[in-house]
Amino acid sequence: MNDDPLMIAGTAFSSRLIAGTARYPNQQVMLDALDASGTELVTMSIRRISLEGYSGSLVDLVSGRYRLLPNTSGCVTARDAILTAELAREALDTNWVKLELIGDRDLLYPDVEQLVHAADELVRKGFVVLPYCNEDPVACQKLADVGCAAVMPLGSLIGSGMGIANPAAIELICTRSPVPVVLDAGIGTASDAAQAMELGCDAVMIDTAIARSHDPVRMAAAMRAAIEAGRLARLAGRVPKQRFAEPSSPQLGLVGS
Amino acid sequence: MTRLRINGVDAEVRVATIAELLVERGIDPRARFLAVAVNGAVVRRTEWPVAALSPGDEVEIVRPLQGG
Amino acid sequence: MNDDPLMIAGTAFSSRLIAGTARYPNQQVMLDALDASGTELVTMSIRRISLEGYSGSLVDLVSGRYRLLPNTSGCVTARDAILTAELAREALDTNWVKLELIGDRDLLYPDVEQLVHAADELVRKGFVVLPYCNEDPVACQKLADVGCAAVMPLGSLIGSGMGIANPAAIELICTRSPVPVVLDAGIGTASDAAQAMELGCDAVMIDTAIARSHDPVRMAAAMRAAIEAGRLARLAGRVPKQRFAEPSSPQLGLVGS
Amino acid sequence: MTRLRINGVDAEVRVATIAELLVERGIDPRARFLAVAVNGAVVRRTEWPVAALSPGDEVEIVRPLQGG
Amino acid sequence: MNDDPLMIAGTAFSSRLIAGTARYPNQQVMLDALDASGTELVTMSIRRISLEGYSGSLVDLVSGRYRLLPNTSGCVTARDAILTAELAREALDTNWVKLELIGDRDLLYPDVEQLVHAADELVRKGFVVLPYCNEDPVACQKLADVGCAAVMPLGSLIGSGMGIANPAAIELICTRSPVPVVLDAGIGTASDAAQAMELGCDAVMIDTAIARSHDPVRMAAAMRAAIEAGRLARLAGRVPKQRFAEPSSPQLGLVGS
Amino acid sequence: MNDDPLMIAGTAFSSRLIAGTARYPNQQVMLDALDASGTELVTMSIRRISLEGYSGSLVDLVSGRYRLLPNTSGCVTARDAILTAELAREALDTNWVKLELIGDRDLLYPDVEQLVHAADELVRKGFVVLPYCNEDPVACQKLADVGCAAVMPLGSLIGSGMGIANPAAIELICTRSPVPVVLDAGIGTASDAAQAMELGCDAVMIDTAIARSHDPVRMAAAMRAAIEAGRLARLAGRVPKQRFAEPSSPQLGLVGS
Amino acid sequence: MTRLRINGVDAEVRVATIAELLVERGIDPRARFLAVAVNGAVVRRTEWPVAALSPGDEVEIVRPLQGG
Amino acid sequence: MTRLRINGVDAEVRVATIAELLVERGIDPRARFLAVAVNGAVVRRTEWPVAALSPGDEVEIVRPLQGG
């Protein structure tokens, strides 16, 4: 454990990267990328039994090495999201859940109103709830008020790779949130992840930007380094921006002057 | 024969319990990482051998998949 | 030596961070920061003998551990810049020089016209010339044409911490430059350095952003990680940006759907 | 007495060579990382003991400092 | 009436600028600025009788020349917002209301959850509701679904002058909204207003950016021109952005070539 | 003449838009667009006689209604640019010239070094020189020093429609230039033109953004309004940007509070 | 004497109707752009002369102000 | 016959002056907005009737076109 752990619901994590497990070219690349990313917490979905391919044994491969964070992806009603969370708890023996409640199937944008109600109920049922929300400081406050263990505002649309569309709003949420802020969705490249940490986020959730890059294992290493870099820079306290120049070398004693 | 709705699909099955249903579906009830809900309520694994199914029950049989 | 070295004038560097040695709170912090940064190449200025403070023994401390890159900071004429370079070669026994030729003492902005001439002459005199220039692709091409070993376009004004003011121009220079591109000036925080590498820069030059941060040693580590992150992300090939969403979890088999 | 311009300042000195000038200025000519130019041309260290200074010469005596 | 009117709830407006009436240095400047802005719809607040200054006669001055849009500014509960709207209807004899329901008194950020419920009730009570909301496409859809006559997403925080913090989200809302989109809050200068219209907004609401500028009357004229410019540019269909250059003058027949 | 004329070389212009005449779908659209733009100064190129189409009679159509500004577009040597300027003076009986000296045929990026020399010589030959340059404050100062009547820094690459890639540099040039600053190249839409004026530019040069839009006449009107808006906003003095909110409506006397 | 809460402040007034209350407060009931609510419900202007006030009533008397 | 280079193309022409050259090329020398340079130097319109052309002369004949 490093000296600057991420604390969520009393659990300490050395890594501030939460990794998805979907959209990889194949299972081995996924495992190598998770390894390279240094993540300690990986997300999974809950789906009806079917005859699909490799995913059957996915849990066996990751459950030993990583804490699992099941999600309720795709749910559009509080009822389905809550049932999915309860099935996840039974299937994976964890009361942690990444709560997703979608208000628009095209945009995969959260339905903040239902989200707060579902989060409230899941907290009462004993879940550790990490809700995927938007960059709305009032919604984030409500989610913290009902007992969520963290908030997960989007940087931009899921899978878009557009980075952090509204840095000012994310920074505002970070300065005010009583619970950890995990930037979720939209990360496209390493500097996006570093920026998230510099804005004050406690962690970053990444799936597509790693899984769909040309070299997921290398990109996973890039994201790991970027999140460390952004965190260190945040702690180090950056220089202020100023509109004019300031010399770095000494001004006096110039040759020939 | 019992008429059930399993994972959103209607089916006629000759089973009395969830455990029997899983077997009938070719699923090993001892397999890890499974979960079952009947009519919107999760049925704990320990109840599968005894939990009776009634006609019209809506059964969900799920397991984890990759996710983001 | 790592498997992705930076090559300048036939010399290989594991680190892609060129570090300044000025503006640190004190000498020990500077040494610790240089160490934390992983740099292998540090810049120095050349000044007339005087009774100034600690800097007297600076070279003894760094010359053994790092390759030195003397600069011609503050020079406003080609004549002074060339003489300063020759004095640096004599004093430090290196033919490498970071050529600075300032056209505006307030902005510390390069004088491209004089810069090309001075670079041409220094190359003829056997110097390895790394010129501080602006984000002008034509000027960068001319500097490469006269034999510069690299080009060092500014991100923004020296010491401003404004980051990369014109990313499109930097990217354009990187795609076309026949010599390594080192982003110089303006870096403010880690994500700026990562972005520079993602745009295609081969290295980044940093002084103020480390030396003047609240915790230079930690910021040095941040910059080291950021440059590695940006380089890895560049090599890994990021996902394309798209304006719409794409789900990461499977679409089929939703509970209750 | 020779009138020189040393690092931009006029000075009257009683020296014949660069080596003597450095000593007269309290600088050890064997000190590392020094460089000297006379009238815009660098004088190699090996020449310091013999390089003669003439009235009106412009002398630059420099050494490295921290820089960005 | 021009040939491109703004239609809200069946009412046509030639001007696409909704103007606030607060924060002006004095009443005459306000009247001159409203005149220069070309606005046809101005906002007012509803407050308890007191002995405050000039505002007493404000309505007399503007009610004849402009349609009034009372707001529920400052309300933090649906109950107070609804009562304020009903009092406004009685006092000003209009069923139009700019519905504001604040979830954070520091940020003056909307409480989307309560906002939808209050809007729903006011629509049922026969009001023409224009809700101040955030750049949340799901919330905007819900507001339209309950019968709001328009949606008024914020550009950035009220009075901040930060412009449009999340252009992609505003554009997304504009492409999908079944009702007019009025950009509200955050406009700082003319180009912000033009940008709002180019993103697809149907109108812009401005108060502070005019009232608190150094020369409100001139800034009002600037905003009027900017909104017309942005609207015309939107209708004219801008050239695509491309990363490379394209000559405008003919390529052939160069002298000396 | 309005009360805020643009002065170039002692000549006053009511319009701050310099319009190109190329790339229009046809001649009538060009004439209508020039009319709608309100421009008083239009650019033309100088080309060898050939049997090309409509352009033969172009001058007859515009020379009476607009002051002509011939350019040296396409020239890559000072010699060709100077000869082209002299031929233009003879052909059009004007000593005004938009000096273009390209250093890269793909990017159409200026060659600052040659540009300064050619400008110097043309000024000595009695020309009123308006040079197309880059956003380099030192180069702009040199061009003013040799007697140019204005400087024309690029916003972004010619014909790219990318807008103003480096607003800070343009603003810096505007604050320091002793001669008028005309933003040239890169304007894509109306808000870009408004922004240029807000940054302090004295005028804007536009060709492609109008000629290649879907509706050039309407876009010309948009640009005219945008430039007026940006100029008025600059003169009116915008509100400062602040990171926090400030209420516009009165704080006291809230109903129910 | 009737104890009312007027615009959030407790007050003892000797009035029977809203119209009388306005007059007692120095407000001309015929003045334009006024609105009144009692216990959270708007009372139309036409009712002011007759609308009776009871002890403990919460009265809101408002008018428009500048707003954004 | 005189061998000239006209607008970058070699040509054999039987003309003595610029005016004659223009006519030979089918260009009305009185047409407005024309300009001519010989060997890199502009020849004013008034000189066209008399300005003699010598073998090897490089002639530029230009006019304005649309431009940006």
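To keep things simple, chains are lettered A, B, C, D, E, F, G and H as they appear, and every chain counts its residues starting from 1.
FYI, a residue touches a chain if its C-beta (ideal position, glycine included) is under 8 Å from a C-beta of that chain, and two chains touch if they have at least 3 such contacts.
Just so you know, these numbers come straight off a predicted model, no measurement behind them.
Counted as hops between touching chains, the shortest connection from subunit B to subunit C is 1. If you match contact pairs by residue number, over half of those in A-D turn up again in just one of E-G, A-B or B-C, and that pair is B-C. A separation of 33 Å divides the Cα centre of subunit C from that of subunit D. Between the CA-based centres of subunit D and subunit E the separation comes to 72 Å, rounded to the whole angstrom. Across the assembly, subunit D contributes 7-8, 37, 40, 60, 62, 65-68 as residues in contact with two or more other chains.
Of all residues in subunit E, those that touch two or more other chains are 20, 22-23, 45-50, 52, 55, 71, 73, 79, 83, 87, 107, 109, 158, 162, 168, 207-208, 243, 247-250, 253, 255-257.
Within the complex, the subunit A residues that touch subunit E are 103-104, 107, 109-113, 116, 134-139, 141-142, 156, 162, 165-166, 168-169, 172. Those residues of subunit C lying in contact with subunit D across their complex are 20-24, 30, 43-49, 52, 55-56, 58-60, 63, 68, 70-71, 73, 79, 83-84, 86-92, 158, 207-208. Interface residues of subunit G, counted against subunit F in their complex, comprise 7-8, 37, 40, 60, 62, 65-68.
Chain contact summary for the complex, subunit E toward subunit F: residues 20, 22-23, 45-50, 52, 55, 71, 73-75, 77, 79-80, 83-84, 87, 106-109, 157-163, 188-195, 198, 207-209, 211-216, 218-219, 221-226, 228-233, 235-257.
Residues 247-250, 253, 255-257 of subunit E are the ones touching subunit H in the complex.
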